[in-house]
Amino acid sequence: MSALDLPHSFLLVPFFCYALAVVAALAIRRPGGALPSLLIVLGALTGALAAIDGLRQSEPIEAVAWAIIPAAELSFRLDPLGAFFLLVISVPAIAAGLYGIGYLNAAHGHGQPPRWAADALLGAFLASMSLVVLADSLISFMVAWELMSLVSFFLVIGDGHHADSRRAGYVYIVMTHISAGFLFLAFLLLLRNAGGADFEAFRAAAGALSGLEREALFLLALLGFGTKAGLIPLHVWLPRAHPAAPSHVSALMSGVMVKTAIYGLLRVLWEFVDAPPQWWGWMLIVAGVVSALLGILYALMERDLKRILAYSTVEHVGIIVIGLGAALLLESLGHAAIAALALVATLVHLFNHSIFKSLLFLGAGAIQTATGTRDLERLGGLIRGMPRTAVWFITGALAIAALPPLNGFVGEWLLFQSLLGLGTAADAVGIATLVAIAGGSLALTAALALACFVRAAGVGFLAQPRSDAARDSREVGRSMHAGMGLLALATLGLGLFPVVLFEALEPVTRSLAGATARPSLGLGGHVLNPDELAGSYAPVLVVVGLVALGIVPWLVARLLTGEGRSRVSPTWVCGVDLEPRMQYSATAFAKPIRLIFAALIRPQRVIEFKRPVSDFFVSEVRYEEGVHPIYERHLYQRAVGLLTVASHRVSRLQSGSIRAYLAYVFVTLVVVLLIAR
Amino acid sequence: MDPLLLAIQISLVILFAPLAQGIIKTSKARWQNRRGPSIFQPYFDLLKWLGRESVVSDQASWVFRLAPYIYGGAILLAAALVPTFARGSAAPGFGDAIVFVGLFALARFWLALAALDTGSNFGGMGSSREVAFAALVEPALLLVIFAVALPAGSTSLTALVGSGWPGASEIVAFLALMIVAIAETGRIPVDNPDTHLELTMIHEGMLLEYSGRPLGVLHWASQIKQLAILSLIAALFLPWGLADPASLGVAGIALGVATWGVKIAALGLLLGMIETAFAKLRIFRAPDLIGVASVLGVLAVMATFVVGP
Amino acid sequence: MSDLISISQASTVIDVTALGLLALGLLSVLVKRLEAAIVLLAGQGILLGVASGAAALSDMGWRSWAAFAVAVAVKVVAIPLILWVVLGRLPVHHDHDVESVVPVKLAFPMAIALVAGAYWVIEPVGAAHIGPHGFDAPNALPGALGLLMIGIFLMATRKRALTQVIGLVTMENAIFLAAVAATHGLPLAVEFGIAMDVLTGVALMALVTHEIGRLLATTDIDRLRTLRG
Amino acid sequence: MLLLALLIAPLLVAIPCRLLYRRQPLIERLNVAGALLTALLAGAVVVDVASNGPQDDPIGLFYVDALSAVLIGTVATVGLAAALVSVGYLRRDLRAGHLLDGRKDLGWYYFGFHIFIWTMLATVSVANLGLLWVGIEATTLASALLVGFYRTKAALEAAWKYIILCTVGITFALFGVLLTYYAAVQASGDGASLEWTALSANAALLDPALMKLAFVFILIGFGTKAGFAPLHTWLADAHSQAPSPISGVLSGVLLACALYAILRFQALTAAATGTDFASNLLLAFGVFSVAVALPFIVIQRDLKRLLAYSSVEHIGLMAVAFGIGGPLGMAAGLLHLVNHALTKALLFFVAGDIAQRFGTRRISALRGVVRIAPLAGWLLLAGILAIAGMPPFSIFVSEIAIASAGFAGSREALIASALVVVLLGLIFAGLLAQGLRVVYGAPPAEDVAASHGGSPRRVWREDLLWIAAVAPLALAVLLLGLHVPGPVTDLFDDVSATLQPLATTASR
């Protein structure tokens, strides 16, 4: 099928490049050096090539690196699933690498790691992420997984001297490490069942898992991967950690790293277990709905651009998990073909999200570079100083709001189709209700995402600047534009020609679901799975239609009547001069949604009046509004509080009294004697 | 896809959209015991705006200038997808019901963005409210689509056209879609199309900075949107007298157009009546109403299984 | 070399000394003055000497005599002496009270209960298993365990540094008794090693006690509570 | 012969150190040279055992098999590093006036140090289990002097608790030894001895009821010394009050020596009673130790106590590993023993350095170490990550190996390892929270540290020996996480081969 067949050893090239990048970064340690970044770009490029090649190969590539101890062999395998995720990792990485050249020179101070450290860590980060999806044994997976967390932890804490970043990094690594513990337990269950620690053995023994073990496995995997993916309420680290990292790293963390968790779910639930029970699918869909909805609502409540994006990642992970749930449910119901469609929908959306989320993070990074802030309330009017960045950002916003004809819409369209397919195939009122709720929530989420990114793009780029920094903003460097432009192009390209992705996904779904779904959305064909469900969406035609019905008439009219009679005058604001403070702020913009969904997001508001003289003279009003997510208070803070209080209680046992200690020894002896006798 | 059908449909939609608006306004006036303006008044208004000079804010960027045309294009394309006088979508290859929703969203995105572009606080207010309410409308609309798509086994608008007397599920869905139509077209009790009072306005707020030709385009597009939604209701729930797209004859088309006109007029009368019979809701009570639409949508989906299609 | 007394006679002697040791142990729960406690400890040493002497007389092996010699040297002479000296050199005089935290009315029944528990624990492995190579002293093993328990009980309930050492030595004595009764003592090298360790240990504890007394002007170990958590 | 040389060398160093204390440079050099010599000899012994099987000496007093070899190697390595670290550490203490008797104390220190090393080496080399007990008690006595080295109130308190609790514990152990001997005498008559070779050969014949009772006393007794909760109460005091080089040795290898004794008796007990009894007890103590360590780590205020509690945790882990048993569990446990020894020693040496710089061990006063002493800061961070079980460091591997072995084992082993995995996650949180604050954060002003008697910034040259000690440790911690050399794993296999057949013969 392919004209070019790469040798197996080609897979080593990206890792070689990443390693070189790390070495180069550590060796040069001079500001301004672009060599490590270029090596990273090269690594990502070759990684993408290797991934594409892996998707074409009929046989997976297998390799054993070495054994740490005889029982722990580091083995790796490139199969279609791994190859697809390698692609997901590598494509945004190309852009991030390019972007990094200019970004790291421009961004200094503010707790960011020094350039050489950022470069070295980025190289290691990419390498470890790539290893995660290639890992083929318990130990290699765990090593790669933990290294990925560790490296990104250092990227999050930056130079470590900012308490906020440090806190973010701490929450991040602790949660991810504990979740890795759950994963470890899940893998250990598989190991117990399979009698071996490599994935091959897990696959072979998939049918042998007992009922209880299977349920435990599912829950552990959901907890473990759910934390890394950022499913609510396991996501608390995510909106802290992602914004704290340098922007091109945030892009990769948000766009790519969370996907490794999805990869893990696919690996475990599809390959290591047979015949999943229905409730798993239900569970995933419900978890996905909760994350998607709350995620985007929290995103709407944020002012910090990167936190908005981070919460939006929570949302998209939710959407992806809904797709996973639908696929799993279809699998348990025995509809392989529609399950394949749902998988395609999930994975297409996953890929698309990695593109446009990276694009938006890079855009946010550009804004921060230019203005020194990410606070929407201090931005505005950037479209004049940074016109090209504005184009990239609005492109990303269109895509993330799932609007045709960009790539965000493709995934959601497919997802709606899969849900409908689930509803039709299941033919049961319970599942129909589930489908209705999932579909409705998906629509609600998409509409809220639109609101969210109208807000981000509108308040950020349009109207009058809200601060001096925003007023003085200047366009960022060329390499940063290269990175963003590349992704914007990909957003458009994948929106118009998603068929490319469907083709690439064929071997993946064949290996996972045993069936393929290839919705052909192009100029000609539009029907997908004619037996089950039919819908149509032709992106290219939609573009043609939009141009023909919208742009062409405009141009024609301009041609006929000239520029039209138009004149420029100040905005009318009831007769006074427009001031930035009069504009709708980001907080105000989200107010209707805050009110409508108050029951869900529980905003808090404090208003204090100071009346020093008498009740009638208010000297000062303090107004404070914020969203403190309830799970943080009721789940995490309580758990941490419990641990601390319990610890203090327990520590009283270490009272310093040697007689008490002797009594412990004595009591222990007595107890053990009692047990032993 | 039949280019002829497409061409006819697009022209008809463009042509009749202001008329539908006129019908609703007149109906409303009559229900209120007023004479009201002429049924063709919307045409005069459009002509006036299209001919006028446009005043553009000094804050505005290309977003502000471009938005009306993308808005118009997207709405028109969406309208082209809906079966109107023929049994079947005029442009099935372009997209299905979900694309229809998506195109509306695209239009909304640009308009909401443009409303923020001038820095006017009215624009911001309209934009903010529009996206918030649309967030509630969209799931309801989609659920209605699900309710009819599940039995049809397709989201293609052609396949969704009703096939006779509606069942329980369809009736529930119809109610939901009516609420959606009211919200989407900015009518009482959700919005008031006739006022620029900042306490209540939603859609008009976004248009406030526009004038002249762009304003005309926007108004026209809004009317087309209104017609498209009404046509969707007609096609889904009142599927009588539609022309057969496979064998288009002049008579068939004429009959189709006539019945379409009647159905739209009837729905217009109904809308006028609703606008008269209800008071405008306080703005933050409106979500409750739209929420009802979503609940009805879920019920409709369930009903397809309980009662059976 | 012929045995001066028979195995069964020796067994009886050992059995009786075991009971005697238990009695001394229980008595030390009752005493209030450190001097008395040290005397009781020396008494224990003497009883142990008797027991190991009986064992030695019964087999007349040089190993047994050596063990006997060690026992007498360490347990009867050296340890009480060291303790006596330290006690004499303590800077404060009121430290000669043992100061129990559990009143005697309570402590004594508890000690009795411990002894009963020891009998209960040893029962499955005890007398029935005494083979041809041990002495048929049914009270030796449980008595030893009881003494062991009393030893740690003393340590856990007394406040003076020296009483802790006394408790510790009581525990050592218990094991010595068990060793003599059950296995004719441990292998000689081990026996010597243990004796050396015990002696060094007691010396070291005495040293630390002295240092504490110097630094804190008291040997109340309840004052040693700065390290916690 | 090598073996005898190894067991004489530390003594030959110790005594002159005490005698020649007036000549500080000389005893410092002597100390380093002696430690080097000991380490070299130990290495030779280990290689000898690894290639030629168990070794003994002409008198029959000593017997060194694979298990002993693992311990000898670890003790000597950590000992060497500690000896190197001691030089600079004590010089600064001397200069700061922390030594009451000045150079005389220095002499005592080096004397005690080498005697301490010697007792440990002897403990793991003796052939006789009774002498093994004697050795363990000797380690207590030798190290108690070092724990109370500063003769401050706190140091004396720690030494007192250490010596009393460990002696009490070990007295119980002696009772266990006695019961074992009793069982042996019953099994094989007058020929009975406490020689390991003789005992292990006939282990299956030992009376099960007696061995159960014996093992209970052994476990409580040596467990006190090893630091199993709730018998660990002395541990944090002693490890935090001792001079830091000693703390490293105490935490790293002394605990392991006690574990070594437990292992020997576990094998005997398992042979007599079947594996379950001893294994389950070890699992229970192991899990409990890990669980008890958690709260103390979470709210700890003292850097060295933090590390000490982490030792409780890791000893618990090793107990779990040995409780799991089997070739996998055994190898995992031994690997963990080695990894923990190296990592914990590294941490104590670094923490000692930091505490000296700041003049305090209070975590709340230690801030921004990377900015004041970058090398120490980074090493501390790496060490904490390593000890908390992060790759690419070695403890990660052994923890994975332990849990894997547990899940491949019995139901109890599975439950224990599952619990431990969860607890380890929480402990990671506790350790890292403390570590991050110390490593990063805003450093205190110079004069604040000086007011504690510390000197945050020092000249590099002073630290050369320190670097020579910690850098190889750090490197080893890293490299063992990437690959454990074949000979080492072979040695571990030899251990389970010597201990395991005992258990399998007893399939009654």
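Letters are used for the chains, namely A, B, C and D, taken in the order the chains are written, and counting of residues starts over at 1 for each.
Here is the rule we go by: contacts are C-beta pairs under 8 Å (C-beta built on N, C-alpha and C of every residue); 3 or more make two chains touch, one makes a residue touch a chain.
None of the values given here were measured: they were computed from a predicted structure.
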A-C compared against A-B, more contacting pairs: A-B
Whole-Å gap separating chain B and chain C, where each centre is the average of the chain's CA atoms: 99
Separation of chain B from chain D, taking each centre as the mean of its C-alpha atoms, in whole Å: 78
Whole-Å gap separating chain A and chain C, where each centre is the average of the chain's CA atoms: 69
Between chain B and chain A, distance of the C-alpha-averaged centres to the nearest whole Å: 35
Touching two or more other chains - residues of chain B: none
Where chain A touches two or more other chains, by residue: 651, 654, 658, 660, 662, 665, 669, 673
Set of chain D residues in contact with two or more other chains: 160-161, 164, 168, 172, 213, 236, 296, 299
Each pair of chains that touches, named by its two labels: A-B, A-C, A-D, C-D
Residues of chain C that touch chain D when the two form their complex: 121-122, 124-125, 129, 131-134, 144-145, 148, 151-152, 155, 161, 164, 168, 171-172, 174-175, 178-179, 182-183, 186-187, 189-190, 193-194, 196-197, 200-201, 204-205, 208-209, 211-212, 215-216, 221, 224-227, 229
Chain A to chain B touching residues, read off their complex: 381, 383-384, 390, 394, 397-398, 401-404, 409, 413, 416-417, 419-420, 423-424, 427-429, 432-433, 435-437, 439-444, 446-448, 450-451, 453-455, 457-459, 462-464, 526, 532-538, 541-542, 545-551, 553-554, 557, 564-573, 578, 580, 582-584, 588-593, 595-596
Chain D - residues contacting chain A, complex: 160-161, 164-165, 168-169, 172, 212-213, 215-217, 219-220, 224, 230-231, 233-234, 236, 277, 281, 292, 294-296, 298-299, 328, 331, 335, 368, 370-371, 385, 390-392, 396-397, 400-401, 403-404, 406-408, 414, 417-418, 421-422, 424-426, 428-429, 432-433, 436, 439-442, 481-484, 489
Contact set on chain A toward chain D in their complex: 66-72, 138-139, 142-143, 146-147, 150, 157, 160-161, 163, 166, 169-170, 173-174, 177-178, 180-181, 184-185, 188-189, 191-192, 195, 197, 643-644, 646-651, 653-654, 658, 660-662, 664-665, 668-669, 672-673, 676
Residues of chain C that touch chain A when the two form their complex: 101, 117, 120-121, 124, 149, 152-153, 155-159, 164, 221-222, 224-229
